[in-house]
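I have a structure here, written as structure tokens, and I will follow up with some questions on it.
Think of it as A, B, C and D in the order they're written, each chain with its own count starting at 1.
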């Protein structure tokens, strides 16, 4: 069901009837339709990109505060107020006098007013002000939000160093390869049915192809920085990403098979009009998607390429200054994109939970439908980020590289194939296309034996049972040779091929 | 596959302190290793030859900076052997309590550093938060957070403060519940078990042959402990038993056993401290003046020419030993020769050799499980 | 413009970039917009530079444990934007927290040179200030300022984590005063010592 | 209740070891006697004095016959004013520890009071005196105990006593490029500010700060 707020429709209609009137007498008149289309697309793309990019800082803030709170500490508390307060009494003097065009006076006045109103009070409260320099009398809106802004902006003024014997061209190209391919993903992520930058026909294939480019950039970075740590980090990340690319593809193939389309927006429409989100139809697929996405963006359980412990910083050890800032941002954009893709494929995009039932209620239903799709998508993405990526980061340890690869090839791949088969069976036998309804109430396509919604309910319960079965660990004292253990009796390196 | 030497240099997150581990790597597998120490060698043995016997204690605090109290006690026993000083009963109890509290703080620092080695960053903050509890207690005794200069030749500097006993009991009881929280977070997580079990095997005789001691040997199944084998202080009157682990493979103890032994040792220390505070002669809520004969007996300050003093003490990381020869400058007020045996100085080359055959990612796991402290290694 | 082995096409991209850059620079300077932007941007980047002081994860001796304690729940350094990075390329502050032996002297100078330019050095603890209890040793340098320039001294053996956080506070006060001046030009500054006032 | 090796057990084990050494090496200048500590629980240990040439044989015999399986410390000392036959001293500290390999899932839990005979841990102190010349040397025990390897390297590095037959001898604690004859724990080296102001012939040319006359520190 289309979202009520259609940004694209609004902008395209205004530009279509505004531009021809503006270009009435000018020679460009006959091509005014193309110009209107161009300007409208430019506006929509910019709005969507800025929304996605600046909600990126929310992701950084959620992560830093959640990890800090879990570590039992306060985490970053830099407040907006620290811009004009200066360092406990020491300020930068009358810097606004150096401003040209007489702009010094108003900015100086603004600074004084802010300091008087929201700054440190006076000598009497010097120590109290010094302690809560982070907030004004203990209150601060978004405490710590500006810490990430400061971290990002500081990298702009750092010196850019290139290691002497590094392969300079590839050393410079690698970060751009990673950052550009990451930003391209944001192009196809729709915020709601009417708010997206582009909607290519096969957007699922496009997303996976773009996700596949970054590993090359990572390997280039690792190889070109002429440092043994980065070389091992680069090789590890290349191996890990290829190992987890295939289960990711198969999982998205099963989503496409289930929804019948390769387009993200159509698969969201399918989820609503069929009545059940994919999460309940293919919980195994959802789990696989999250696991492979965590490995794809190299976060903690699969953090081996930038393993703090033995590889210093992994493949980005030699990057300083803004290149490191961009790589740091690119890693978070990829994580954010992963959360968005999970929301669209498994949590029904901009549709509200139980939208079918609640929209029936006369008064409350209409209010419920008034919530804009973009807000719903953002909140879902942030919750997925908090509950999956950040929670895994502060509670799990790192798996070793060979264990990651073994887990990827031996366990995730067969499960992904099983999921594709299941999706095929669901689509062919358990799906009833006649019940599809594209109304606000949504359809009831997954009934079985007369009981509405029986198929998703049974699947979810079945997979939860399997999950609990595997949850309790086997008796620890008994076995020591864990299944992932590759300990060679004869130390490696002593085996010379060809000599039996 | 190309074999290359990687230098895990002095500044490296894995090395707890400054030392270099050169690793020959074939792909991901370690073929050969070489340890290089001496980055913070500061010649404590040479400086102590120009210090009086009581002035040497601060240097021994700063040897292994994470378990300062145990090292100061170790030196004091050697000095008492040299100067023939005897120690009152209550002072021995206070030394036991302060040493065991320091052992708890040191094991917590180890667990806090071991977590990030394996990748679990939350462990660092949790363990350091609990360590602050014990630092507060030791601060009441010694006066500062990390280096206390607390034991004296013939007793202790000052008695335990009035409310110390109740605060300590409350904090140790709270910590015993905290250990369950750690175990729930770590032993239940398959990733933690997969990274630690079956990694870093070394059997008991191989370790003793190489001079390894302390919890690392008790992880291989023998409950040998200097506290009962060469007894000192009042460990025989206090209720405890050495923590020992059953190795699950014929190849000896792996990283998981060493981790389990230290968790068990934390419990033993808690049990020991709670029992010792009840049995302390002179009552737990009394506070004697600092020179009182209940906690300090005057000891001679000069050592004759040929006299020697030796002490064998169970520090948190192994058996630390001091050997002092009397008759130095100032007519014997200063030691002629002070020799310090650091358990880690011999364990680190041995551990470097046990890493051969495992993966590069196992290096921090194996190294961290032996709890290296470079301050004492380089002296 | 020295042509260092570039391709000899009559008109290459580097020349284009420099020409365009030069022209716009002149225009901006003429209309004083460049001065307006540089003053405002200067203040903003100064704020960013002092609010996020990434410290190098380098633990030498006992002060390293107090540095670690400063990052934990009781004395949270993260509140002030102090994060411990393990690569010198990404850190701004070199926190020297132990005695510098002769073996480690040229390695710490190398670490200092590997850090990108607006960098600061804090000497934490007596050993880093003047060799501390080991000033008589044959193997220890008398303080880290024999080899690298130091901005803030934190006395104490070991200084308490609050003193370390106060040291970062004084460093921020110095940054707001001198801005991102390169570390070589700061010799004339009076040494800042924690607890001096 | 905690456990401990009682004084009787200790006395029995120590006398038994001392007698074993004295019978085996009675003629060749090796003598073992029992000395009592005067700290903590006043336990006694075996002090063995041996000439340098018999040391390797004694070490092998102690290791394989008496089960002294733990070499903990080697201390070298320099006596410049000492008599001719005692210019340098070496003190080896060894321990007999009742530790053996365990079968999987088993652990031996000793009860201290019930240990007897060769299980009881015993402390040994082997003293070797070297003549007062400037090239002291002792046969190495690197092959006997692995633990002695790095101890010998450290003793050579700091005190300068040569260990004949020790492979791969390199400086462990001092910088690798410190000058050859420089062994800091020898008595002719003084520490700074004790009427000995400039640093040693330091290879890396670090200039010490000028003496501290009122410099803003």
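Note that a residue touches a chain if its C-beta (ideal position, glycine included) is under 8 Å from a C-beta of that chain, and two chains touch if they have at least 3 such contacts.
Only a predicted model underlies this, so the values are computations on that prediction, with no experimental measurement involved.
Q: Once the contact rule is applied, which chains count as partners of both subunit B and subunit D?
A: Correct list: C.
Q: Going by C-alpha centroids, which chain is farthest from subunit A? Tell me that one.
A: D
Q: Looking at chain pairs A-B and B-C, which one is connected by more C-beta pairs in contact?
A: Looking at contacts between chains, A-B has the larger number.
Q: Between subunit C and subunit D, what's the gap in Å when you average each chain's C-alpha atoms?
A: 46
Q: Report, in whole Å, the distance between the mean C-alpha point of subunit B and the mean C-alpha point of subunit C.
A: Taking the mean C-alpha position of each chain, the two centres sit 35 Å apart.
Q: Compute the distance, rounded to whole Å, between the mean C-alpha positions of subunit A and subunit C.
A: Centre separation, subunit A to subunit C: 32 Å.
Q: Could you check subunit B for residues that touch two or more other chains and list them?
A: Residue numbers touching two or more other chains: 12-13, 38, 41, 43, 46-47, 50, 124-125, 129, 248-249, 378.
Q: By the touch rule stated above, which residues of subunit C touch at least two different other chains?
A: Touching at least two other chains: 72-73, 86, 101, 103, 136-139.
Q: If you look at subunit D, which of its residues touch at least two other chains?
A: Within subunit D, residues 105, 174-175, 184, 189, 191, 194 contact more than one other chain.
Q: Classify the chain contact graph as line, ring, star, complete or other.
A: If you draw each chain as a dot and join those that touch, the picture is no line, ring, star or complete graph.
Q: Touching pairs of chains, all of them, please.
A: A-B, A-C, B-C, B-D, C-D
Q: Per the contact definition, I'd like the list of subunit A residues that touch subunit B in the complex.
A: 67, 70-73, 228-229, 232, 300-301, 303-304, 307-310, 312, 393-403, 473, 476-477, 480-482, 484-485, 487-488, 491-494
Q: Could you please specify the touching residues of subunit D with respect to subunit C in the complex?
A: Residue list for subunit D touching subunit C: 174-176, 178, 184, 189, 191-194, 199-200, 202, 204, 206-209, 216-217.
Q: Flag every residue of subunit A that touches subunit C in the complex, lowest number first.
A: Residue positions touching the partner: 64, 68, 71-78, 82-83, 86-88, 90-92, 95-96, 98-101, 103, 134, 146-147, 149-154, 156-161, 308, 312-313, 316-321, 324.
Q: Considering only the defined contacts, which subunit B positions touch subunit C in the complex?
A: So the residues of subunit B in touch with subunit C come to 9-13, 16-18, 38-44, 46-47, 50, 58-59, 62, 65-66, 109, 112, 124-125, 128-129, 131-132, 145-147, 374-375, 378.
Q: Residues of subunit C touching subunit D in their complex?
A: 101-103, 105-106, 129-130, 135-139, 141-143, 146-147, 190-191
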